[in-house]
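The structure appears below as structure tokens.
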Amino acid sequence: MNTAIVFINAEVDQVPEVAEALAAIPGVTEVYSVTGAIDLVAIIRTRTVDEIADIVTGRMNKVPGVADTQTHLAFRAYSAHDLEAAFSLGD
Amino acid sequence: MNTAIVFINAEVDQVPEVAEALAAIPGVTEVYSVTGAIDLVAIIRTRTVDEIADIVTGRMNKVPGVADTQTHLAFRAYSAHDLEAAFSLGD
Amino acid sequence: MNTAIVFINAEVDQVPEVAEALAAIPGVTEVYSVTGAIDLVAIIRTRTVDEIADIVTGRMNKVPGVADTQTHLAFRAYSAHDLEAAFSLGD
Amino acid sequence: MNTAIVFINAEVDQVPEVAEALAAIPGVTEVYSVTGAIDLVAIIRTRTVDEIADIVTGRMNKVPGVADTQTHLAFRAYSAHDLEAAFSLGD
Amino acid sequence: MNTAIVFINAEVDQVPEVAEALAAIPGVTEVYSVTGAIDLVAIIRTRTVDEIADIVTGRMNKVPGVADTQTHLAFRAYSAHDLEAAFSLGD
Amino acid sequence: MNTAIVFINAEVDQVPEVAEALAAIPGVTEVYSVTGAIDLVAIIRTRTVDEIADIVTGRMNKVPGVADTQTHLAFRAYSAHDLEAAFSLGD
Amino acid sequence: MNTAIVFINAEVDQVPEVAEALAAIPGVTEVYSVTGAIDLVAIIRTRTVDEIADIVTGRMNKVPGVADTQTHLAFRAYSAHDLEAAFSLGD
Amino acid sequence: MNTAIVFINAEVDQVPEVAEALAAIPGVTEVYSVTGAIDLVAIIRTRTVDEIADIVTGRMNKVPGVADTQTHLAFRAYSAHDLEAAFSLGD
Amino acid sequence: MNTAIVFINAEVDQVPEVAEALAAIPGVTEVYSVTGAIDLVAIIRTRTVDEIADIVTGRMNKVPGVADTQTHLAFRAYSAHDLEAAFSLGD
Amino acid sequence: MNTAIVFINAEVDQVPEVAEALAAIPGVTEVYSVTGAIDLVAIIRTRTVDEIADIVTGRMNKVPGVADTQTHLAFRAYSAHDLEAAFSLGD
């Protein structure tokens, strides 16, 4: 499973509309409107890296009102749970 | 429930160590090492906004090797599921 | 009570007009035209974080002449008065 | 009465300590820890512009842990109340 | 007396025309076309801070060909002469 | 006569001290502490461009506490007075 | 043989189309769509530096949908193989 | 097969030494010293995305003299050859 | 003799055409198309600083396809030859 | 013949010393101290691109007081003379 975190800037007067359109794209699991220099953060989960390309450049970037997207692929996920397991295993 | 998405830059030679330390902080549900201009993305979920302040400025920022954090509070979450419900309700 | 501090850039020839329109939005308590790289600073006070999203992305961003907004949610307020109380309580 | 809005970046591990020290400076009426690219926002209110210089360069900038300050002087304040008055006066 | 130093970027093909128009605005004492990342620097001198707001947002920003202005209010002026006086007074 | 406008950033806790030291350098006619992203603005007036180099790189940059200087040479000065003359001459 | 690495930003809704058009230009050996602040990376290999100029400013920059290109000429290539050879030669 | 393109900034006086050290890391197929705002570009080829994380954060970032790395994962590779095939297939 | 080094960005699809037009302006001695974040570098040599203003803001900025220019006036020229002379003179 | 234009930032208090040291490096034909965001511009002329790498990363970057260099290789030189020739040839 691959996870990508996408930062999105939208036309200033279309943030809620863009958020709804992005959330409806298959593979996009969450979209948040956020405080700060970017407007929206979307989380994508796919089986292959190739599918992320299709979703971002083929679908998200073509939503009207999207001004810019920047994709950050997650290399690796860390969680408290993994660490506990790791500690019990002496990792 | 409040969600915050925190971008973290770490000292260049300590990214995996910082990621593990952040993931062990209560309230931090996920930490991803990511491609791009930032090193890590952490997701925080708390009941109050005040707890986010405690976690970011009181805990995360004090982890050795953390160079900078930038917090984006999620105003609102959009999901495909909500939209379906919304459409059926005529929203 | 939640406080948000919003930085606004306006079309260069519409700063006073935009300031007046923003000040008329319910929940916006103050708007200042300021020196420096940004044009206006607005203070929003609401009972919920959700209302801030409505005000910024639903109302302020749709004011004609607004070019960009950047929202900073206040995690916590510090004041001289709190500190005095804190000191007397041995905090 | 003059109002200045000061953006402050602090050493990453000293944000709450710096906030408390700034809030104790006379003339600083509020300090907020905030989400986003800056750490703190302080509001200063003084009778003269000269006093702002004393507070920022003479007091705030010398607080240990302050890395950078950027001052935005409020040219003018707009409020819903002023606008109502203005409308009733035909302004 | 208040002094403000305003940085101006103009449409690339209208720098001299913009400079002349700005120099004709009452309260603007000097306009320089300059080398570097900004096109023009204007000096404003007024009796009140409020007048600076009128001049910048009400007059300069509305000159055709002005793309962006950034105002820096002088907190305080230092001069060799003041220093000499200061030294003789034991300041 | 050549005019240069120099932007100066100083160590955060030494702005007033740096301003005084700069104002004492021959050829520096004014130093202002200013609001915004830069700390100080100095005006230099000399007979030759070469003297500006001596003042900036030879004197100002060597003042303790100066972190960065950026020099903008004035190509040309515009003033309301010149314009009136120009108009009467049909320029 | 000269190698140039070109960063390309494309209009947000035309990334795959631009990538295909760039890949068809003679001298362009690879085009990658990538995560992060830039959209595409192209590798050019030519016999002369002059040919790179022709390819970038004469061909790539004229592809519809290209918003910006930034060329990095490779001064020198390092590879594990060269190093082994170098070590065995005492370089 | 996954491809990542990594931009590297090195301490100013150690660029050739860093380039040689990076080229010796398994999985790094090419390192180029380049003109422009970055010092080096490295190409990594691995079977899994996870291995890229190990190479970048575990190996490259720990090379002495590396100041900053920025990883761009290739979503997809385009080549003239693919296009020909695509055209013959009616793409 | 004054020397100015001008950085020019051109519309992405007009770099060679802009370069030729700039090179034809009297006082412009060389124009280079270059790798990196800027498109062209022009060298201007004139007898007075005032002439540079005429060439840059009066002529170069008005060439169609010029998006932005940034002028750097040379304060002083250093050359190996001068240094030899300086050393022999004990400077 | 290859030409490279190198932008150099130096430690703030060592600009003239760095300029002299750079001018003494073989292959560096001119060094200018300049107004603006960079401190020095050097021109390099060599027979091969490879020699530029040696001069920049092997020699210039190792001069004490050099903080950063950014190299722009000239793809092509345009001059008024060439254009005249071109016009007479019907280019």
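Couple of notes before you dig in:
Letters A, B, C, D, E, F, G, H, I and J name the chains as they come in the text, with residue numbers starting at 1 for each one.
As a convention for this text, a contact is a pair of C-beta atoms (placed from the backbone, for glycine too) under 8 Å apart; a residue touches a chain by one contact, two chains touch by 3 or more.
Which protein is which chain? UniProt says A, B, C, D, E, F, G, H, I, J = Lrp/AsnC ligand binding domain-containing protein.
All of these numbers come straight from a predicted model, not from anything done at the bench.
When the C-beta contacts at B-C and at B-G are tallied, the pair with the greater total is B-C. A repeat of the E-I interface exists among C-E, F-I or E-J. It is C-E, with more than half of its contact pairs matching by residue number. Our note on geometry: chain B versus chain I, Cα centroid distance of 47 Å, whole angstroms.
Centroid to centroid, with C-alpha atoms defining each point, chain C and chain D lie 13 Å apart. The distance from the centre of chain G to the centre of chain J, with each centre set as the mean of the Cα atoms, comes to 23 Å. Multi-chain contact residues of chain D (touching two or more other chains) are listed as 33, 35-37, 53, 57, 70-73, 75-76. Every residue of chain E that touches chain F in the complex is listed here, in rising order: 3, 5, 19-20, 22-26, 28-36, 38, 41, 70-80, 82-83.
Residue ranges of chain C in contact with chain F, taken from their complex: 35-37.
Taken in their complex, chain D has these residues touching chain F: 4, 53, 57-58, 61-62, 66-73. Those residues of chain I whose C-beta lies close enough to touch chain G in the complex are 12-13, 15-16, 33, 35-37, 39. Within the complex formed with chain B, the chain C residues making contact are 2, 49-50, 52-53, 56-57, 73, 75-76.
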